[in-house]
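Supplied in structure tokens, the structure appears directly below.
Note that the chains take the letters A, B, C and D in the order they are written out, and that residue 1 is the start of every chain.
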Amino acid sequence: MAPTPTGQLELYTLMVRSRAFEEAAIALAAAGDIPGSWLSGVGQEGTLGAISQLRPDDYLTYTHRGSYGFIGRGSDPKRLMAELLGKRTGYSKGKGGRHIADLEHGILGKSGTIGAHAPLAIGAATAVQIRGGDQVVMSLFGEGTSNRGTTHSSLVAASVWRLPVVWLCENNGYMGSVPARAYTAVTDIADMAASYGMPGTVVDGNDVSAVHQAAEDAIDRARAGQGPSLLELKTFRMRAFGESWPELRDPAEIAAWQERDPILLYQRQLTASDRLTVADVEAIRAAAHAEMAAAAEFARESPFPDPAEAFEDLYA
Amino acid sequence: MAPTPTGQLELYTLMVRSRAFEEAAIALAAAGDIPGSWLSGVGQEGTLGAISQLRPDDYLTYTHRGSYGFIGRGSDPKRLMAELLGKRTGYSKGKGGRHIADLEHGILGKSGTIGAHAPLAIGAATAVQIRGGDQVVMSLFGEGTSNRGTTHSSLVAASVWRLPVVWLCENNGYMGSVPARAYTAVTDIADMAASYGMPGTVVDGNDVSAVHQAAEDAIDRARAGQGPSLLELKTFRMRAFGESWPELRDPAEIAAWQERDPILLYQRQLTASDRLTVADVEAIRAAAHAEMAAAAEFARESPFPDPAEAFEDLYA
Amino acid sequence: MRTLTISQAMNEALHEEMRRDPAVYVVGLGLYPSDGDDATSGLVDEFGERRVRSAPNDEALIAGSAVGAALVGMRPVAEFYLADFAFNALDEILSKAGKWRYMHGSNAGMKLPIVFLQGIGGYVGAAAEHSQSPLALYWHSPGLKIVAPSTSYDAKGLLKTAVRDDNPVMFFIHKFEDSGPVPEDEYLIPFGVAEIRRDGADATVVATSYMVTLALQAAENLADRGVDVEVIDPRTLEPLDIDTIVGSVQKTGRLVVVDEDTERCGVAAEIGAQVLERDFAALRAPVGRVANPNLPVPYSPPLEEAVLPSVAKIEAAILATLA
Amino acid sequence: MRTLTISQAMNEALHEEMRRDPAVYVVGLGLYPSDGDDATSGLVDEFGERRVRSAPNDEALIAGSAVGAALVGMRPVAEFYLADFAFNALDEILSKAGKWRYMHGSNAGMKLPIVFLQGIGGYVGAAAEHSQSPLALYWHSPGLKIVAPSTSYDAKGLLKTAVRDDNPVMFFIHKFEDSGPVPEDEYLIPFGVAEIRRDGADATVVATSYMVTLALQAAENLADRGVDVEVIDPRTLEPLDIDTIVGSVQKTGRLVVVDEDTERCGVAAEIGAQVLERDFAALRAPVGRVANPNLPVPYSPPLEEAVLPSVAKIEAAILATLA
């Protein structure tokens, strides 16, 4: 089912806000304000069609890339940005950098090793099942990460234990600058679902309405106790692997995907159906940029942690 | 293609010799002569239909279970048995116990952790490919081990690198005493092949002729540079998980499989087609038992290593 | 008082804790149906397959799932059978369980109450990949508590504490399991409190797990020869009761540490360093390290004996500190 | 003489060794196309995709495949980018590479000529899971050689030796890479030979990799204050040139070990223990351990500085041994 008109505006706004966050983070990285680095998610905001449908008490496991998971769940951009700058006001009090958890919004943390999130998702789903709840766990991974052993064993466990997991593979066609054909055995990661006896669906990841539709089915299924599904979102990352990495992909390929920018596509859909006016677009964008500028400002002005704080937080 | 008449007799003889080795090892274990333990392969000798077709210069990676891989490749039963008894004359000079390598026969070693053989097979196949040879790597794993992440990533690598590997899953329906439905997402492990874009075939693992046929195709394919295949041999282990473990499976199920003993089935096929007489059967069995009794005797009479030898063999 | 094996004592602890707290569950291999009289036997009958979860065979999955469940409020007990197998889960244990709370700034009060149960030890002809005792590997890494009981009494009381601890706990049980008295009444044993297993004036021996049994035997043998050995069992390495150890060394002037793990960068080197940092003058001889001389554990009995600590080697090391 | 970065020096070593021996090949992540000026840049252009193999992203696969290839006569160089990621391959590295030869009794002359290349180190805001320096983890485990060069010259000569060694070698390169002179002519540097980076009479500092740079700076600073520090770079921990270290300590009576890894069961504890075992009388003060105080590496610069070794901390530790 398509989102309600309000829902459509909200989804569009989330996408624009995520993009604005990315742009602010990219600018901070370029200015040398981020001690580590930022792995941008620009171009992959179509995934919000899935994430935005989670209930507040659902869980999300997130990858190394982008901010839309956090924005989509309602995390505070100020605290996100402060963390990137290593400030005490950040989600990890400056200890994690881009490795951020927001447990209040059910985001379990960001791993430094790819593929480590999948078993975490199994654990959260196990908890739901033991407690007899109807929460859903959404778990993101890249097509490169589909090769990790943990992805495999977690998909097995989700299936044999019939866990409420929605697996979301964001296939952006590259691992670093290596094209997917060099490391994936199948063209469609969704085909892997056959190994696990779960439904596998290929979705145009840049068409947020299509993502919304496919995710709705998978979420319903999981919530109803009918087990896991695998959705593959075909998408593209518009920035280099990370902000401090060179871009080595073909500029023509990048330009072609520019035409399929998920925000642009949705904007066209919504303006065509009169859900959105040019003025709306402008207002939403302006508000988002103001919000993220304020977040950057907050981050910049926040204090660094005191060295003594390094000795806190190891044990509960 | 079925083996030649001589080939059939040879294959049958290998099966009987493997079984005789197992029985001798089981007796030694019962007598307390084996310091560690023995994980018997009785009932799974049908796999010899595949192993026996390897060329002397091919490679095999082996699991934790049974002796037929070694017997099938031409390893020396005396040295195998001596190793089980921790004797200096063993394949590992008493250092490994049931963890045995026989590099002269292309057997790369036995791992203490299940699933670790699959990447080894990738490495051996990589070597073949780099050298431009036409050797084949056969790699065994149990259906329980199909869940290990290393199995997955190795099957991916075999596929994307188009390596000459024949994957052989011996599906004996149990991991310890846990039935497969508790840990495998699919009924047929061969279905996993879809995830890797390689052929996957289910074979009656106790019908050695069927195994022979299916393996021949897979070996030919690998040798011709057409890439890996996955064969699933449905079989059953007739002994408990290990000789020092209790048997917790249903006796009725065990009894039913007794009727499908791979040696018995092949014997019936061969006697029906007059390849084998009752006298042959007796002679082959007697020779095998004499051979393995001599191996056990050799092992028992061999000296233990000197304590000082513990300090050798770490570095080359 | 009744006598229980360490496994039986642990089994009782798990039953009690699972009854007490519905957030406690067990996940691992070979739990269902139980293969014998071990720490997890019978749990599935009482608590069902959801809370006693036999997993697909991938240790990274088991460990990582425990972390995920702990993050949302559960108290998993992850069972690996042997510590050797947990090597497949070291990213999950070292970098997820051990560091997740810290690296996320203890976000929203993040807790990681996980018990990682593992078998350790040699002496049974299990060879290189089924005989390891990797205590130092985990002690070296931040964020993990380390428990290695030597008696049934301690195993029960420490396991109950481990289940209630809000941090990841590596809980090591030796294959060579002792039996001992265990009271019927509930009790817990706090982490970080060493037990002096034998008083002595001439030399201090520190040992955990099965090494305590060997050390006590060595002490008895030396007593016959007029050497009076104190044997200290720290019970937990993290936290470590270094005060008790230093106090003893200040009395005896001699220290021998027995550790089944490989010697290099091991438990003995660390305890020796800490003692010297606390009181450089206390030691009158170098620390005796009785440990595996940096070899994989071999299979054959005479080789295994050559590599692993023994009563004779402990005696020799004690005498060397007195020479 | 021309000046090269450590990566450039290693790159040259790999080119030379791959030309010399067709059994040498490279497997890892992000090798093709190269992402920049690193140790593996350009190799694929000269040697092709079969010998410069960009792998599916699974470190256990990469490490295990290197073991398999080595068993059949190849000489793999397995590249992990960061040591942190290799935690996913610890069963393969510790229990296959490290123990396979021993546990199989060196069957048929089994050799395991593998180089495991890994980046280590902090100081760049990379946080807990991208900043580790797990030298002690590997040194603790049997069967692995450990190399951690501090200069471009050493990096090239040691890498060539590593490729030709018939055993698994853990080769660690710090993120903070130095440049230095590298001769055009071929040379190799043997394992187990320490380099005295600075002569001194008052205290001995042992350091590897980037810690050597910090230690030399500390020594210079203290020289201004009349303290004469000797700085020893063992270059390889396994094998360790303990003779040179003991000789120096016998002269100075003081020892400080600098190690970026966590302190507990670390390199400093081990070197301290070995020195005391060799000559209990040589030390006039406890061994100074400058290491990570058992914390994950935090992200924010002031926190990272609080946790990792620094010039100031090394100076303080040296002065403490002289107090």
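Operating definition for what follows: a contact is a pair of C-beta atoms (placed from the backbone, for glycine too) under 8 Å apart; a residue touches a chain by one contact, two chains touch by 3 or more.
Just so you know, these numbers come straight off a predicted model, no measurement behind them.
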Checklist entry - Counting one step for each move to a touching chain, how far apart are chain B and chain D? => result 1
Next on the checklist: What are the mutual neighbours of chain A and chain D in this structure?
Outcome noted: B, C
Checklist entry - Out of B-C and A-C, which chain pair has the most contact pairs? => result A-C
Checklist outcome for this item: When centres are defined as mean Cα positions, the distance from chain C to chain D in whole Å is 30
Checklist entry - Using the average of all C-alpha atoms in each chain as its centre, how far is it in Å between chain B and chain C? => result 36
Checklist entry - Between chain A and chain C, what is the separation of their C-alpha centroids in Å? => result 40
Checklist entry - chain A to chain B: how many Å between their CA centres? => result 45
Checklist entry - Considering chain C alone, which of its residues make contact with at least two other chains? => result 55-56, 58, 60-61, 84, 87-88, 91, 95, 102-103, 127-129, 142-143, 295-296, 298-299
Checklist entry - Which parts of chain A, given as residue numbers and ranges, touch two or more other chains? => result 92, 94-96, 99, 111-113, 147-150, 152-153, 156, 160, 182-184, 314
Item to check | Topology of the chain contact graph, where touching chains are joined (line, ring, star, complete, other) | outcome: complete
Item to check | In the complex, chain B residues that touch chain C | outcome: 34-36, 86-87, 92, 94-99, 111-115, 144-145, 147-149, 175-178, 182-184, 241, 245-246, 248, 304-311, 314
Item to check | Of chain D, residues touching chain B in the complex | outcome: 22, 25, 27, 50-51, 53, 55-56, 58, 60-74, 76, 91-92, 95-96, 100-113, 142-143, 166-167
Checklist entry - Where on chain C does chain B make contact in their complex? => result 29-30, 32-33, 35-36, 54-58, 60-61, 84-85, 87-88, 124-130, 293, 295-296, 298-307
Checklist entry - Within the complex, which stretch of chain C touches chain D? => result 60, 84, 87-88, 90-91, 94-95, 98-99, 102-103, 127-129, 136-137, 139-143, 261-262, 264-270, 272-273, 276-277, 280, 285-287, 289, 294-296, 298-299
Item to check | Interfacial residue positions of chain B with respect to chain D in the complex | outcome: 59, 61, 90-96, 99-104, 108-109, 111-113, 116, 118-130, 149-150, 152-154, 156-157, 160-161, 312-316
